[in-house]
Structure formats: C-alpha cells, structure tokens
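Accompanying notes for the structure given below.
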Amino acid sequence: FSGISTFAHLEYHKCLTTPSELYDIAIIGAPFDTAVSYRPGARFGPRAIRAASARQTSFRGYNPRANINPYADWAKILDCGDIPVVPVDNGAALKQMTAAFAELGARTPVSPLLSKPKLITLGGDHSLSLPALRAVRDLYGPVRVLHFDAHLDTWHPAKYPSYWSSEQSRFTHGSMFWLAGEEGLLSNASSAPNVHAGLRTRLSGTEDWDDDDAQNWVRISADDMDDVGTKGIVEQIMGALGTEDPVYLSVDIDVLDPAFAPGTGTPEPGGWTTRELIRVLRGVEGLNVVGADVVEVAPAYQGVGEETALAAAQVVFELLSSMVK
Amino acid sequence: FSGISTFAHLEYHKCLTTPSELYDIAIIGAPFDTAVSYRPGARFGPRAIRAASARQTSFRGYNPRANINPYADWAKILDCGDIPVVPVDNGAALKQMTAAFAELGARTPVSPLLSKPKLITLGGDHSLSLPALRAVRDLYGPVRVLHFDAHLDTWHPAKYPSYWSSEQSRFTHGSMFWLAGEEGLLSNASSAPNVHAGLRTRLSGTEDWDDDDAQNWVRISADDMDDVGTKGIVEQIMGALGTEDPVYLSVDIDVLDPAFAPGTGTPEPGGWTTRELIRVLRGVEGLNVVGADVVEVAPAYQGVGEETALAAAQVVFELLSSMVK
Amino acid sequence: FSGISTFAHLEYHKCLTTPSELYDIAIIGAPFDTAVSYRPGARFGPRAIRAASARQTSFRGYNPRANINPYADWAKILDCGDIPVVPVDNGAALKQMTAAFAELGARTPVSPLLSKPKLITLGGDHSLSLPALRAVRDLYGPVRVLHFDAHLDTWHPAKYPSYWSSEQSRFTHGSMFWLAGEEGLLSNASSAPNVHAGLRTRLSGTEDWDDDDAQNWVRISADDMDDVGTKGIVEQIMGALGTEDPVYLSVDIDVLDPAFAPGTGTPEPGGWTTRELIRVLRGVEGLNVVGADVVEVAPAYQGVGEETALAAAQVVFELLSSMVK
Amino acid sequence: FSGISTFAHLEYHKCLTTPSELYDIAIIGAPFDTAVSYRPGARFGPRAIRAASARQTSFRGYNPRANINPYADWAKILDCGDIPVVPVDNGAALKQMTAAFAELGARTPVSPLLSKPKLITLGGDHSLSLPALRAVRDLYGPVRVLHFDAHLDTWHPAKYPSYWSSEQSRFTHGSMFWLAGEEGLLSNASSAPNVHAGLRTRLSGTEDWDDDDAQNWVRISADDMDDVGTKGIVEQIMGALGTEDPVYLSVDIDVLDPAFAPGTGTPEPGGWTTRELIRVLRGVEGLNVVGADVVEVAPAYQGVGEETALAAAQVVFELLSSMVK
Amino acid sequence: FSGISTFAHLEYHKCLTTPSELYDIAIIGAPFDTAVSYRPGARFGPRAIRAASARQTSFRGYNPRANINPYADWAKILDCGDIPVVPVDNGAALKQMTAAFAELGARTPVSPLLSKPKLITLGGDHSLSLPALRAVRDLYGPVRVLHFDAHLDTWHPAKYPSYWSSEQSRFTHGSMFWLAGEEGLLSNASSAPNVHAGLRTRLSGTEDWDDDDAQNWVRISADDMDDVGTKGIVEQIMGALGTEDPVYLSVDIDVLDPAFAPGTGTPEPGGWTTRELIRVLRGVEGLNVVGADVVEVAPAYQGVGEETALAAAQVVFELLSSMVK
Amino acid sequence: FSGISTFAHLEYHKCLTTPSELYDIAIIGAPFDTAVSYRPGARFGPRAIRAASARQTSFRGYNPRANINPYADWAKILDCGDIPVVPVDNGAALKQMTAAFAELGARTPVSPLLSKPKLITLGGDHSLSLPALRAVRDLYGPVRVLHFDAHLDTWHPAKYPSYWSSEQSRFTHGSMFWLAGEEGLLSNASSAPNVHAGLRTRLSGTEDWDDDDAQNWVRISADDMDDVGTKGIVEQIMGALGTEDPVYLSVDIDVLDPAFAPGTGTPEPGGWTTRELIRVLRGVEGLNVVGADVVEVAPAYQGVGEETALAAAQVVFELLSSMVK
C-alpha cells in the first residue's frame, strides 16, 4: 500500500515522450473505453490493475508455478504509464493509440535475448487490440492471435443495429478482430489459425461463425472446460498455435465468470474460474508470445474487495513469468 | 441500456387487465417478498432481472448451446409486467397471485403448437410457486416439479419456531411445496416423483426427509455434482421425470453459491457455479416444461456488477430456449 | 416496486416512431455519455432515474410545496422512452439527438393551454443540451438558459489538452453551451442574460470568465448560497431572467455536493444540498420554462440507497409541478 | 469492535422471558419490517444500530451538549434484546409486539426517580409505534406524540391502492398514527396537539391534512428549517407540547436527507442534516418523554461506512442523555 | 435476524472473567488485526462471522453431510465473546492473547467425553495462531497443524523489507507458524509432519520452501485440486496427519478464491471454491482436532451480501460438526 | 484518469532517498494506520487521495475562491511519494516517520520566497501529526496548531481502557497532541493558544477539558457553526492565531459529517459540510501555515463515488492555494 502506484512497484518512465528510455518488456496503459456497447468504465482499468498489483514486488516475486521471479531475472521491465487518448472521438483515439504502439514497439530492447521489446497493455476496452496488432504486424508481419473472451469480437460491423451505421461506428470492442483480419494483421492460412477460448455469448446466428471461419479462427467454448479440462484446453491451443509462430495474446477479463470478474462491461454468466484461466495460461507458456493485453476491467463494477483487478493483475504476472522464462 | 426496461426488450403489455392480449410465452413479475424467513428484498427481483436482461435482444439472441434464437422463432413472447400484490397481508397476496396466474395461464396461445400458453415468473420469493402451481394444476392436473434450490422448501409448518403459530404463518418460502403437496397439486405416485437439485442446507433432522419422502421427492444434493458431474445430474433428473409428463421447473437462485448469487435472501455456501447450473438446464431440455419460475433474487444484496440478476436473466434465457426449441 | 419501470408509472409510448402519439409534456431519455471528460456511466442515468421515481404516482402525487398534483391536472404527461443514440461516434450521436428533439418538440400538444409540447430530458451527459437547444431555438428562437452546475460548460474547445484537437472533440459535456452560443441558440443581448448557478470548479484562469461573459452569462457561485440564502439566489435568477422570455432549464446533478449526488461523472466537493436546490427550483417557478433536462446521473457511482437518482427524480417532479402549475 | 454487540456495550438480558430483570431504561429491538410500502430490510435495523453504537461506552460516554454521561449516572440502562416477532403475518406480529411492550413497560423501575421504566425501541419499521403507544397509553393514558419524519404516517387506510383492501392491510408504517388516534391512544384536545416535524413527502391531496387535523396534529415541514432554524423549530415544538404532559418521541430516520440516511425504506430528498436533528433533539430536552423509538433503519441500503446506523445510534444517545438528565 | 448477535444464537458468557463458566467447546473472538502486511480490518471479523451465523440455530442445526446436529448433542457449546486485545502494541497484544487462550483452554470441560475443552477462535488476523498454539502445547505438548491458506505463513522474519527490522516486527500474520516452530509448539519429527493446503502465493524464492521444510511441513497447492480432486486432497492430508495425534486446524479464509472470499486482507486469485473447502473439511473429520481457528475475515472488503463471513460461519459449523461427532 | 496516479499529476520523485531533489512544497504520504482505536484502513488514504485528485491539473488549476492557480505560480510543488513505515510496530514506525519528516523538512527550498520548504502530509491516521510536529519544532521552535477534528486528540493516555497500559500504547491517534504538548512541540503561552475546530465527540468527562486547557487549546465545537456561521468561526480562529506565528494546520477528515466523509475510522454524526469547511479554510488563508496534514481517510469505508477522498483532495488544493498565495 506504500508508494506511487505503478504496476508491481516497477520503475516508472514516460516512455512515449522519452525516446531514450529502453526496456525489454513495457507495461503500458490504454485508458480508452468509448468503443464499448454496454457499460463503459474501463478507462479506469489501468489505474485499478496497478492498484491491485501492489502486493507484487521484486523481492517476493517468485512464481512457484513457473519457477521464476520475472521481476528479478534477465528482463528489464518498466511501467511506461498511459497512452494519452482522447475520450470523445474514437477516430482520433485510434490514431493516437496506433502511433503510440508503433513508437513503443519499435524501440531497441535492453537484453540481447530479444530483437524487439514486448508490450503488455492494460485496457481499456478491447478495441485497443487493433492498434496494438498494427504495431505487431509492422514488426513481425501477420501474427497469430490467442484470444480469451466470452465474445467473438470478430463481428462484422454490419451486424450492429442500423443506427450504428456511421463509418466511425465500425470500430468497436466487438469488431476489432474482424477489422484486424480485414487489414491483414492476422494470419490467414487455414493451417495457421487463430484461437478464441472461453466463448459463450449469444450470437446473431450461425452466420457469425461463418464470418469467424472466414478469418481463420478456431473456437473453444467455455463449456469445453467441463468436457476436456484445463489440460484439454491447453492441448487444443498448443495444437493450433505451436511454439514457433509469433502470437499476440489477448485476455478479455470477461472470459471469467461474473463471480470472478464482475468489474467488466459485458459480463456473461457461465464463464471460467480464475484458477482455470491461470492454469491454461501456465499451460501455454511455450507459445512465442510477442505482445499481449489484459482488457475490459471496469472497476466501478467490481466489489470493494477488488476481485476483478486482482485477477487481471495476476494474469499480467503469469504473462510476465512466461515471457521472461 | 436504452429503452424502457422490459425483459430482453420484449414488447410490453399489461396482460392482466387486457384480456385480448395473447401470447405463447409470458414473462410475468411477482414482486412479493413477505413470506421470507431472513433477508427480504426479492420484491425488487423482477426489476433487477429485467435490467440485467438488457443485453438480450432478438437481433442477437441466438443461443449457441441450444442452436436457436428463442426471440425470433415461432413463439410470441411478451413481457406482461407485474402482478399487483399487497405487501402487508400474505393471505390477501396469495389470493391475488392465485387469481392472476389462473387468468394468465388460461388464455389462448397464439401458436397452434401450444394448447396453453406458458408462464415464466420472475420472483419475488419462492412462495409464489404455490399460486403458480394452482394455475398449472387447473390446466394439466397434478404435475411433476423440478426444483433447483439449496433448500427443501417442503418444510412442514410445524417445523417453524413456536411464535410462528398463526394460520397465515403456514404459507412461507420454505413450506410452499409442502402446501402444494397437501393441496394435491403435485404428482404423488412414487413412480412419478418430483425432484430437488442442489440441496445443502441445515435441517431440523432426518424427519425433514420423512416429510419430503411422503410427498414423493427425489433429492439431489449440491455435493453430488462433485461425484457425478453435470452429466450425472442430468441423467438423474431425466431418469426421474422423463420427457412426457408436464413439469413445473422452479429455480431458486440460491442454488448457486453465494459467490455467484449473493443477491438472495437465504444464501448457503457451497453451491453450484452458474456454468454448472446452465449446463444442467441445457441437459434437461427434453423435459415437457409447462411453466417455470426464477425466484429469490434480492438485488440489494448483489454487487454493483449485478452478478446475481445476470445469472437469473441467463436462466430465463435458457428456459426460453428450451421452451421454444 | 411493481410494474414496468417508467417515470412515475406514467404511460409509456415509443413516441419517436409513433407520430400520432401526442402529449403536453414528454419525459424522454437520452442515454448518451461519450462526451464526458472523466467518469462515464450516465448512459444508465435514464434507467436509474426512472427506477428512483417508482414512489411517485398520480394517486399520491400532490406536491405540498407547489400546491398541485402534476400527474392529475390538465397536462397529459407521457414517458416517451429513450432516444436511440450510437455510443461510439459522437458526431453521429449528435445528429441522432438533434433529429429526435426536433421531431418530439414539434408535435401538437393535447391541451389548448400550450402552443408547443414541453420536453424534459433525462441524461445522459450534459452535452445533450446542445441538440435539445437546437430544437427549442427552432420553435422559439434564441432562448435564455438557467443552468445549475458546478461547472461553466461554456469552455472554449481550445481550452482542452492539445491531443483533443480533432473536430469531433469540440463537442463535449464542457463545451456544449459555448457551442450553443456560437450557433446562435442563446440570447445574446446583455439585457437578457443567461444564468449559471452553483459554480465552484477550477478554471483555466480568468479568461474562462471572459469567454463566458462574451456569451452573456451571469454567474452565481455555490458559495453565494452561504451569503444570500435560497431567497437571495432566487432573486438573482428571477431578476436576470424575468417571467416572460422562454427559458431552457438545465440541471447538472453535480450542482449538488458529492454527499448528495456521488453518482455523477465530475463531482466537485462543496456543493449545494438537495434541500437548497429544491427550494431554489420552487422559488423560480414563475419562469417561462419551455424545456428542461436533468443530466449527469451516473448510477454506478451512487450508493446502494440510490440517493443521486432519487434527487434527480425529485428535481423532475418539481419541474413538472412548475410546468403544470 | 470488541465484545458481543449490545447497544453501547450495555449489559444484556433477555428481559421479556426474565420477569425479575429490572431497569430504568430498556433498549429493545423490534426486528419487524413487513408493514412497509417500499424497500423492506428494517428487520436488520436493531442489529445495525447496535453495531454502530460500538464506540459508545460508559467510560467515555460524557455528552458535552447535555453535560451528562447517561451511562454513568442514576439510571440503570439495559439492552433487553429483541422482541420475537413473526415476519409473515402482520396481524400476529402486532399482537406479539403489543404483548411485549405491555410486559416490558409495566415492570418496576430500579430508581425511585421513576414511577415506570422507559423503553427506547430500535426498529424495525414505523408501524411498531402503534403497539408501543398501546403500552404507553395503558400506563399514562392518552399521550402526546412528537414525530420526526418525512411522512405524515396518519394516512387513512382508504388512501392506499384498491388492492390493499384487506383488514390486515390497514396496519402499515404509513397508517399507524391514524390507527393510534382511532384507538384513543393520542391526546385529542386541540389545546394539546401532537407534532410532526420534518415533513416533505407527496400527498394524496389536501384531504390528507384534513385527516391529520382531525387527529390533532401540528405540522412542521422540512423546509421550515430554512426559515426559522433549529431554534425556531425547537420553539414551535416546545410551544405545542410543553414540559408536563407525557410525550412519546418517535424518530423515523428518513427525517434526515438521503445523503445522511440512505439506509431507509422510503427516502425523501430534501431532508434535514444530522446536525440539525441533533440540535433540535437537544433543544427539546425539557419535554417529559416517557417512551421513544428510532425506526426505519434498513442497513442493506446504507453505505459501507454505516452512516445511517451511526446517525440512529447518535439519536438514541441524545435521547438517553435527555431521559437521564 | 432477531436477538443479540452471538454465534449461532448460542448462549453467551464472558468466560474469561467468569472462571466458573464451563463448556466443552468455546467460540471465542480475537479482534486483532495489526500484524497484517496489507489490508487491515479483520478486527471486525468476529462481529461479521457472528452476524453471518444468524441462520444457524439449534432447532434447525442438523448437518446432513455429517449426520449430526452439533448444537443439540452431547457438547455444551458457548459463545465466550471476545478477548480484550490492545490494537496499538502488538507485543502487548500477544501477551494478552497468550494469557487468554491459556486461561480458556485449561478449564474443565462439562462432558466426560473430553479431557480438555476445545476452542474455536474467530479471527482476527492469522497471527493469533501463535498464542493459540502456545495454549495447545501446554495442554498436549507439540501438536500437528493442518493449515488451509493461500500463503505459507512460515516466513522467516528476515524475509521482510529491511525497514521491518525491529524485534516486534518479527511477529506477523506471515511469520507466526515459523515462530511457533522456533518455540517448539509444532511437531518436528519428519514422520509427523504438518500440512499446508491451498497454497498459491508468490515467494521470496525456493529458499522459502527450505525454511518450510526445516519446520517439517507438507505442502499441498491450490492447483493440486485440479489434479487429484477433493478426495485426493483428503487422502494426502489424512495420510500425513493420521487419526491419533492432536491436530490444530487453522483456516485462513484466503484459501478461498477472491470470488468466494473477497473480504480478506491478502487475497490471492486462483483459490478453491467454498464447496471444495467444505468437502475437504468433511473428508478430514477423522482427525483428532483439539483446537481450531477461522481467520482473516475482513468484512469491509466483502460484498453487501456477506459472502465471505457466510463462508467462514459455514466453516465453523463444519468444524463443530466434526468435533461433536 | 490517465497517467500514473500522483497528486494532481504533479511530478513525482522519491525525495527521501534523493537528497538532491528540491521543492518548495512537498506532498508526502504517510500510509500508517496502526495507531487507531476503531476502524483501520487509513494506510490506503494516500493512494485514495491521489486517485481522487486526478481531475486537478496545472492547466486547469485556477482556484476562483483564491484567485490563483497554485500549480502554475512561483512554487515548485512535488509529489514525494510515501514514507516507508512498518505496519506492525508503532514504536519503530514513529521513529521512521520522525526521521523522514526531519529529512524532508530540512531541505533547501527552490524559491527565495521561502526559508524552509513546506510539507503537506496525506495520512494515514492522525498520530502522524506527532512526528510531523517534531520536524516543524526543529525548524521553527514550538508552533501553534490549528486542528480541525470531531475529536480532541489531546487525550491523556491514562484515559484509555486499562488493558491499553503498555508504554507503546501511549502513542495513538487520540493522544498525539497531548504527547506533542508534553514534548514541548506546541506553544504553551496562554496568550498564544492552539485551536480545535469542529469538536463534537463524547468525552471521559469535563476532566478531558482540563487536560486540554492545560495544553493551551481553544475549543470550537461543530455546533458553533450554527450560531456564528463560517464567518464567525473564521474570526475566532484568526483572533486566536493571528497572521504572524508559524501554524501547523491539521485536518482530520472526520471533522466532516459522515454524509460527506464516511470513509474514515471514527465517524461522528453531526459534523460540518464540505462547503463549510472549505469556506473556513479559505477564510483563514492569512495564517502563516508552515506545515499541514490531511488525515484519517480510510477509503474502504467510502462510497464507490469516492466522496471522502474527493473532499480530502479538495482540502489539499485549498491549502496549496493559501500557501502559494
């Protein structure tokens, strides 16, 4: 509870405006939430996740599951603060985020083990994955995506109500993976699919699956957990993504059940437990993750006990453990 | 978040006072909560469940688990508003609810697929199942009941503290199934039992089971889930109830663990997860459900994230999916 | 707690899509909140205010302060539901709101006492006053505004951070009165000023007052209440606005202290009490109010006791009492 | 925070079932809330007020406003626990409360300074004033009532919706003073009126005042505070009630504004502050108070900071100070 | 909801200051929380657990899982209230708790079935296990410990930040089992280990395990539940502890996931469900439990639905069931 | 909502460990709360106040009441982060805070307008005023104190319960001004008194006033506000303290009523409104304030709308405005 609230008490620099500031892994906030369809509030997600990470420190940061202390190993990890993003014009915001991710991703890493630094973005709503993927594509070409979410987020903009018909309305937290596919940011070889995991929401109809198939996604539903367990889920993911191709890993906190993560914008009953999600994340540590985000934490809707932000901070810790390992 | 708050944005009519209003399935609120033994507040349950259903719509209402969009199929589904019920005289309230269910249940359905319309009641406390069953019995004769609950709700009125000795005190949210049995509303052939599922509360003693046995109930405990899983639970239920006999399906939200449904009057630690309950509900879709309720949502006790009402709205969605399928 | 949640149990019609639906006073929701600078969430304001109005009814609707029951007098008052408004494109949303207010304001009233119906809008963020004023100007010409708020809301768009530089970023909940002034919607004769009341926020500097002066506003600060009391405030307002000119009355709920209205986006400590605000509203009942709004209720931030929405519903009740009187 | 939760750490006895237990002043809980018209939950009021009194102790119990430590003076004050009251049959509950108050009020006091002990009841909803007044009348004859409330609570049962027409529905938290008047429990000489203070709710119409006048009440509205201040209110009360006649003092916590007491069933914006109420209570310490209650604390609706129950516990402390002085 | 709030409505006596008061099992609160490293507040744990136990009563206290009503069997169970403990000097507080446990544990039991009474302590923070174990050791010699927790709590004081270097700082809720080991309170034969269950927190490094090994602990992680289920966990515990040796059973409520127990000081995502914990507790009922505690309930961080305290009260009920059986 | 959470987005430096870092005014957190007698949690006060200051910025920081923008004037203001303070040994913590304040207060200011820098401490509990005053005395000699609080905080340690008898127990949030007086940190000339304002709590008896008188305090009660208004309070304070002598200004947030500041440890009903407090603070801007603190913000007890921390952040803003003016 002591000290300025950075992620895990990491050193803080305004990396965006300090080009000389280098790192291997940067934690970066994207306090943007005006591309949502229901409850806003994820603009306070970065603040909440940082606050909930306060018990993570380098001197007691050993992860028994991963057998590593990510804060005390080879990687220089910084908290780079937040991307300035205008809350009243999504078109402008998208440009701001695109520029920021490009700037931060292109910097030279500190360690010779990496060719490019890795960014973990704290959302903000899920739409930020589009500008984040633009930066990743610039560095690696089209990538594979591992997407934990109750929702597809590959909705064709035409699936929204008719009064959402403006050009700017195409960019939302439900369509950004569809847009990413259209922009060529994602792998589109059927032998190299992307993966959704934790799905359970209502759809427009099976035509949503057609759109999703057309963009080369494999779908793992929340209920699959009951049938194959965390091990089965891990096998499906690793089988689809392998250990070589660069992967962008995106965690929408609503993949968790509302009991575990009520502090989110579009909660869907029937999700995974935090223990299940962590187990899956540890199971896929062999992936070649080149960037990641944890999104849709809307703290106004969490309990006073901060259960949602705590879960998100734990996800970040597990991602860091895997990246450093 | 837009528009007057009806269930799933369904069309709203004051059906009770508009005899010409017809439907196949009616959602009806029973804002009654003065038959409870502990925390009151379920009178605000219908309002809360409607609010939590706001992300359910006909244009994105396809249920992947059931392979159907219940809002865009053969059935005309209306939100019929709430039954007027006096909150200060349970005897009078019971008469009001009895009359209302009789009126609404006897109407002619719109679709030729049905001989009688089906009602899904949003509670309100669990005692409303008694007047609802009276209406069902009038239409179908004695029915079978599938009852999800932490509690038996077949308590003999004599099991209450001695100062609950008045005639009116016999009608409570813990005794209404016993009363229903006494009134002959339930099947009483031992070959045609009723089913409790999710039980885990404290009892007066094994004599509670004697009373329950005498009224022809099969008991599935919450802990059975650990041993047989959702599939085993489904098999037990289907084995007991079959696919022919008319079934009244009653979901006390306290069947869920307090982590998933803290917004209820008599929470019992150690319950099912929402994912387990949904899986069971989907598994029993072959039942001949002729009426249903979702009760005991007391929103003052839920979190700001509305997890309890969201779970209840999801239960209604699954019930609708099964009814329409 | 019973019945579908319309404002004060008023009759509900989708007036926008039912041109034949007539009224003297329409309650209309504008669930729009993406023009805010800090906490979003006011899109749930209309729902919250309607819920908090549940104890207002026509059969016990007599207002002792005003000596009238506004729900049982000459005026036909309807709840017209919500304006459909896209949450991800403020430019499109502004067009949608502009069209809706124009449509609703131009209808023929039921009573011969009125030449035009009156609209009371439930916000939503404060930016909705711009499209509402456009409709009012079309009917009455430039009007006078009585504006209760902790904030000026006449900020020149250039006063925002530099990264808010897009065209669309000019339209916010802090600039809409400045825009209204620029569009000629407000009176600009110095003998016919507009009035702010309850001001107390930080400024860019005294140049904010210059901009405000240029648009012909009188400023009453929150602290003035200590010095002149509610009577003094009333005198200042009536002295400035008179009883003849058409007035648009806009209540930003953050005029109240955060103890009375924590459920808002940009709370400012040191505000008025609800009793003071009500007293002032009753004191200015002689104004010729032709339209009104109650905005910035963000219920995620209120307590479980709903104090903020209750205050807002009371404000609407007082406005209705004055309009009907 | 230490020790079993009795009021102000007072000694606890089950007085009702221990006739030998004597006291000068008894604190007694009446956990009854099924006579309410809107939010239930006041059954948890006694528990909440006791918890909020935890910082009151005899060793630091000196009241500087009253110049006395009521816990360390002549009076033996006990916490007598709660009256057992059935929550599902208001007719039976009324009998139970009537018997309990009669039993407790008729006991011999410990101190020779008193001829009868005094009871302070923690509600529970306001309807408990009827059985409490029955006991008081038995001891003193018809008494005067000083009633702090946003509401009249002298509503004629016929003023309720038509579906509240049963005999039992006549007894509610809005009609109990009317019933008390009808039963002859209150003074009915126009020279010896009863007093309402803090009124501000909506009415059926001016006929509510006629009923109220007929039962000999003086009405002080919440807004009168602005005009005459606490001193003026005190003068009006003392002028009406004097210092001789036995007075029953009843504090409905909703006399406070929802900012100060959101944890109540029928909150009304625009009420008094706690400081104003305390000042008035101290100002009327010259009254001959023979019994009192503090009612309508519904803790599910208060904040986590317990502001409502704290205010109620403070009211009890001030009442005790006056009684002992 | 009725009556003074003792655990399960048990009879209350101030046992500490009433040496003549005898019992078989005593429930005792230790409202101490100043040995915590993060969120304080567990001083209100005893009050919260008692409140949440209000639906437990002797007349409906039959535990179907255990086939016994612990409140209506051979054992005399009392609520002995709270230990007075100074909140501003941990050294003094440790002495106070040590003296209290010694006094209460040494009393003669009522039933001939016991040679010593058993204490179940309601925390308070986990550090209370040290004074509790001192008392147990005095009666039984070094004992075995079964410890449910997300955390090891055997941290060597030197593992804390350097500014925690004072002598008094050695006693914390993370070091008390290490201190207990150093004091010789625990079994230290490798054939007679102690057991941690539910572990999942971050560590200083593997050297924490070395310290833990040196004090003879077996470690069961939270994730082991996925692999071996509740039956496997039970087997591991029973295999390690047997049915003969006296066991002290300590339940840190943070062994549960934050969804089930957000109301705690150092929550760790990824924990057990309440159903899993209860199942394990029932499975180990064959242990020879001579004392127990339920700690780290910090109610300010739980939801309004009290889920955390409900879980804790249920744990106490299961422990009582096992002790009485 | 954007950026790392420092107070008002001020530049952040770890001043304590960076002796070269200079400033005119430093904001410093003291996350210490183990000297409290009731609800702990103020260790999270600094974090909460910083979060609630997020809408304060230099580019819109003009204070209309003071006619100055404190963030854009002559003074260099830094956020110096938090003092490391051990939470489990108050003796050690007192030494740590004493050393930290001495170090920070003795640094050379940046502006020639000051001879010493000024510290504004964010608490933490009120006991931190003792170490803060030690540092002030070292620089200025004994000072005058202006103390806003519901409580005296000059309690003689002997006034605590007998089990608080240890040496370390003398240092609490209720005794630290008594200790400061004993240590000679405060002015003790009767012509140069210290001032309490806002008092309203219960006492041990009038002997508390004797102790207070002996240490040269003037007492202004909360109720005095009703009689003399903010102007009268200001006159009393200025009359007692003058404009020359160095003054330490200490604001215990519980001076506000629980409606305005429920997020505190020992709330007392009947306090001032935030508007009143701000008005008084502005009125005393002529004092020669050399140091200040804002204490006892315990955010776990505030509402989700953060009203308490917002009030505290506003107090800091007003203090900064006066210091810079």
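Note that the chains take the letters A, B, C, D, E and F in the order they are written out, and that residue 1 is the start of every chain.
Note that in this section a contact is a pair of C-beta atoms (placed from the backbone, for glycine too) under 8 Å apart; a residue touches a chain by one contact, two chains touch by 3 or more.
Predicted, not measured: the structure shown is a model, and the values here were computed from it.
Listed by label, the chains that touch chain A and also chain F are C, E. Averaged C-alpha coordinates put the centre of chain A at 38 Å from the centre of chain E.
Annotation for chain C: residues 1, 39, 43-44, 84-85, 161, 257, 259, 273, 300-301, 303-304 touch two or more other chains.
Arrangement of the chains shown, judged by which pairs touch: an irregular graph that fits none of the line, ring, star or complete shapes. Across the assembly, chains come into contact as A-B, A-C, A-E, A-F, B-C, B-D, B-E, C-D, C-F, D-E, D-F, E-F.
Chain A contributes residues 1-6, 12, 29, 31, 43-44, 47, 50-51, 79, 81-82, 84-85, 300, 304 to its touches with chain F in the complex. Within the complex formed with chain B, the chain A residues making contact are 38-39, 159, 161, 199-200, 202-206, 208, 221-223, 225-226, 257-259, 262-264, 266-273, 300-303.
Residues of chain D touching chain F in their complex: 1, 54-56, 59-65, 69, 229-230, 257, 259-260, 273-275, 278-279, 303-307, 310-311, 314, 317.
Interface residues of chain E, counted against chain F in their complex, comprise 33-37, 39-41, 43-44, 84-92, 96, 161, 163-166, 168-169, 171-172, 300-301.
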